[in-house]
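Two complexes are shown next, each including subunit A; its partner changes from subunit B in the first to subunit C in the second.
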Partner chain A sequence: MLDWKLDFTWEILPRLLAAAGNTMLAAGGGYVVAVVLGLVFALAQRTPSRLLTFVVRELVEFIRSTPLLLQIFFIYYVGPQFGLRLSPWSAGLIAIGLHYAAYLSEVYRGGIESVPKGQWEAARAINLSTAKTYRRIIIPQALPPALAGMGNYLVGIFKDTPMLSVIGVAELMHAANSIGAENFRYLEPYTIVGLIFLAISLPTAWLLRRFETALRRNMGLTR
Partner chain B sequence: MTHDMSQYPLKLEGDNVPMVRFQNVTKKYGNLTVLDGLNLDVTEGEMVTIIGPSGSGKTTVLRMLMTLETIDSGVIYVDGEPLTHMEKNGRLVRANAAHLRKIRSKIGMCFQHFNLFPHMTALGNCIEGPMQVLGLSRKEAEERALELLDLVGMADKRDQHPSRLSGGQQQRVAIARALAMRPKVMLFDEVTSALDPEVISEVTSVIRGLVDQHNLTMLMVTHQIGFAREISDRICFFYSGQIEEQGSPEMLLDNPQKERTQQFLSAVLEAN
Partner chain C sequence: MPYLEFLETYSGRFLDGTLITLGQFGLAVVVAVIAALVSGLMKMARFKAVRGIAVVYIEIFRGTSLLVQLYWFYFVLPLFGITMDKFTVGFLTVGLCYGAYGAELVRGAIQSVPRGQWEAALALNMSTAQRMRRVILPQALVAILPPWGNLMIEILKGTALVALISVADLMFETRQINNNTYLSAQAFGTALIIYYIFARFMVTPIMRWLERVMARKIGRA
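Up next, the complex of A and B:
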């Protein structure tokens, strides 16, 4: 019943590995967008402006409550009606970056809130400005507790990149679909895609845990 | 704020300007009045200790002076200038952030739980303010910090992070960190309350040294009556948001006039 063709495997492997590069690029690019934008979302909710806090809070809720796939379609297909004409890659990175920024902002928020109130007070007692209090005191301490969540979403964003195939980003899933359609064989390409995903996410998760421990020790937060 | 501000001078002038003045200061949390029309002057170089039952508002006095809490009415002056307010068109208005930062630079504070920055070494804690706020070079800041770490007996631990220091050691570093900003007024908020009994003396001896060495104005909240007696110029007994009684340590501790003071002191003595 299991009819695995080795020569076919060797034939399609280079193409899939090349597409895996695109997948990593999409995940990495989307993650950079998410990491930066997520911090903006998190800090915007901590400004004294109630209006800004409200608007960003609702935006984050909205993004988190609607499917990523819809957001991808919306930005790519509806965007042009608002003069937003984007390539599949740009639209994909923005959609996935925006989506994960909403989740990461919650992770940051948790991290920032985990910093004891006494740290803010000590910073004020030595007269640090608010910006420097964040940069020098709060964010460095908020980072280690946020790191686990940030790592989870890095793996999450990686696993969600196949959704970008729907707007024609040539990542792994897209390549596997094409190979399947061209050769009427789906077993090998899909299996290999699954294995490639595993081969990347498992070590990444492991490295992230190591990194978190090392960072805590380096910062003197653990003995 | 519909409060009549004309009773408050724009500046304190003349001889004998106090280093700190609380004028008619009220602080409320919801319906609870924590401080009720507090008037308190502290002279330059004076060591004033605040004692009283918990909830009497004594810590709030220090926190308002450090601008960790806002006040509801009244004015606080530091070194002759209003802290909580500033002059605008000949009137006092609420201080903006820039004014607060300017006046706050004269005040330093040590906390019950030390609040050292855990991701920085002892030295890092002490150079942070001088470099980031006062604009000192790293070399200048380190020189100043090492001198102060030496003063508090922590120079050999300068490269240790707080997680590797005992409570008493952390508190001594915290005192050095505050002094590195060269404040005119130092606030000590129950700085020995979180310490194990055997290390309390290493912190109190540092504070005792400051009384001798610096012309610092100090306000201290403590439960250690013996220590207060030994180093204070004046002790204020707080009761429900007001100064119930104040005087020299001998006067207040040995011959208290008010019944509440007597009750508090006998309760504290019994507990000890």
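Up next, the complex of A and C:
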């Protein structure tokens, strides 16, 4: 095969693994933003206000149909124009969090809609407040069916973090780019980055699948 | 600079970029359809080796980032003696990446065709190819169109990444305009709106229309 340099591989591996830590940090941080914001989006579409529902619905649709890369640029560069400077990390986490919040809100919506109507009526009949109905009746039942979708988007966020390299977040892709530019060697850094991604996302996807089947089985047993 | 003046000055470049994005999108869809169909069918094959090839393709492309794949195809593949221009690398990589996602949709759609249809085709003494072409695939096509519509939007969004290997698409032109003018809200905002119009008022309605046409064709309207 072509000249894969082993000593070069050993030289750059620690740097890439350190950057992989940053990638996971970015994915985790972005996911936290997405999980919380997604719930806000989902609940905002269930308020009695028609206008609010419409606006949030369109916003979610807009975020979902435009490229994440463009959204990252938009959030990073538009702030300073209005005197708001964001660090690459915060702009990146906001962009990726916002993007996936739109996706997660759909997952939550599906989960909430899967709860039978009778549950709402029963909660009303025993005089529970709306907040209490959500917290004690609806969300516990909506969560299991939503968990599979939530897991898939965790892997999705992880795979989209390389886009953050374009605004200078020091994650895996960013490290590989610098290594490539410094040494004029792209074979090893880019291939190793690909392998690191495979090494993390394949087992995660497998675990999520197992978790999902276990969950289904458990739900079947309890019902 | 007022927004209208901005638009007047740069509409030509936005248009150029949009046309390249359209080309990338169209070609990537063709690649994705072929890749999804071939690997989806291969994954259902009788021979383990054939299934294995499909699984390797699907897992590699679904397990890594599109951006990593783009850089790898653009910077590393030439070292193996395969050199393509960046435009080709762009749509080919985007198509192969989303084709791997599409493969699962193909498999799911084919398996969603009721068992009885397979048995009836067998009873009518159809060959495997005939059964696929005349009985199974048309029904699978109707089942696959709604999820495929979502994938089309993902493909459109994926084409924005080809800007990073300097294909002069909408994303690329927008960045250039931003670098020249520092009018980030106008530049990136305009591009966001163009992508949105494209996705919401072209791709989605066309897919809905296709869904209706196909449903009517197999008598399920």
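Heads up, the rule we're going with is that the second predicted complex is superposed on the first by the 207 of 223 C-alpha atoms of A that agree within 3 Å, B and C clash if a C-alpha of one lies under 4 Å from a C-alpha of the other, contacts with A are read in each partner's own complex, and residues count from 1 in each chain.
We adopt the following convention: a contact is a pair of C-beta atoms (placed from the backbone, for glycine too) under 8 Å apart; a residue touches a chain by one contact, two chains touch by 3 or more.
No experiment lies behind these values; they were computed from the predicted model shown.
Once chain A of one complex is fitted onto chain A of the other, the partner contacts of A:136 are limited to subunit B, with no touch recorded for subunit C. Of the two partner chains, subunit C is the only one touched by A:159; subunit B is not. Of the two partner chains placed by the overlay, neither subunit B nor subunit C lies in contact with A:212. Residue contacts after overlaying the shared chain place A:119 against subunit B, while subunit C stays out of touching range.
Which of subunit B and subunit C touches more residues of subunit A: that partner is C. By the touch criterion defined above, A:127 lies against subunit B but remains apart from subunit C after alignment on the C-alpha atoms of chain A.
Subunit A makes touch with subunit C in their complex at residues 2, 61-62, 64-71, 73-74, 77-78, 80-82, 159-163, 165-166, 173, 176-177, 180, 186-187, 190-191, 193-194, 197-198, 201-202, 205. Here subunit B touches subunit A in the complex through residues 66-68, 101, 104-105, 107-109, 111, 113, 115-121, 128-129, 132-133, 161-164, 174, 177-178, 181, going by the rule given at the top.
On the side of subunit A, the complex with subunit B involves touching residues 116, 118-119, 121-122, 124-129, 132, 136-137, 140-141, 219-223.
By the touch criterion stated above, subunit C contacts subunit A in their complex at residues 59-60, 62-69, 71-72, 75-76, 79-80, 153, 156-161, 163-164, 171, 174-175, 178, 182-185, 188-189, 191-192, 195-196, 199-200.
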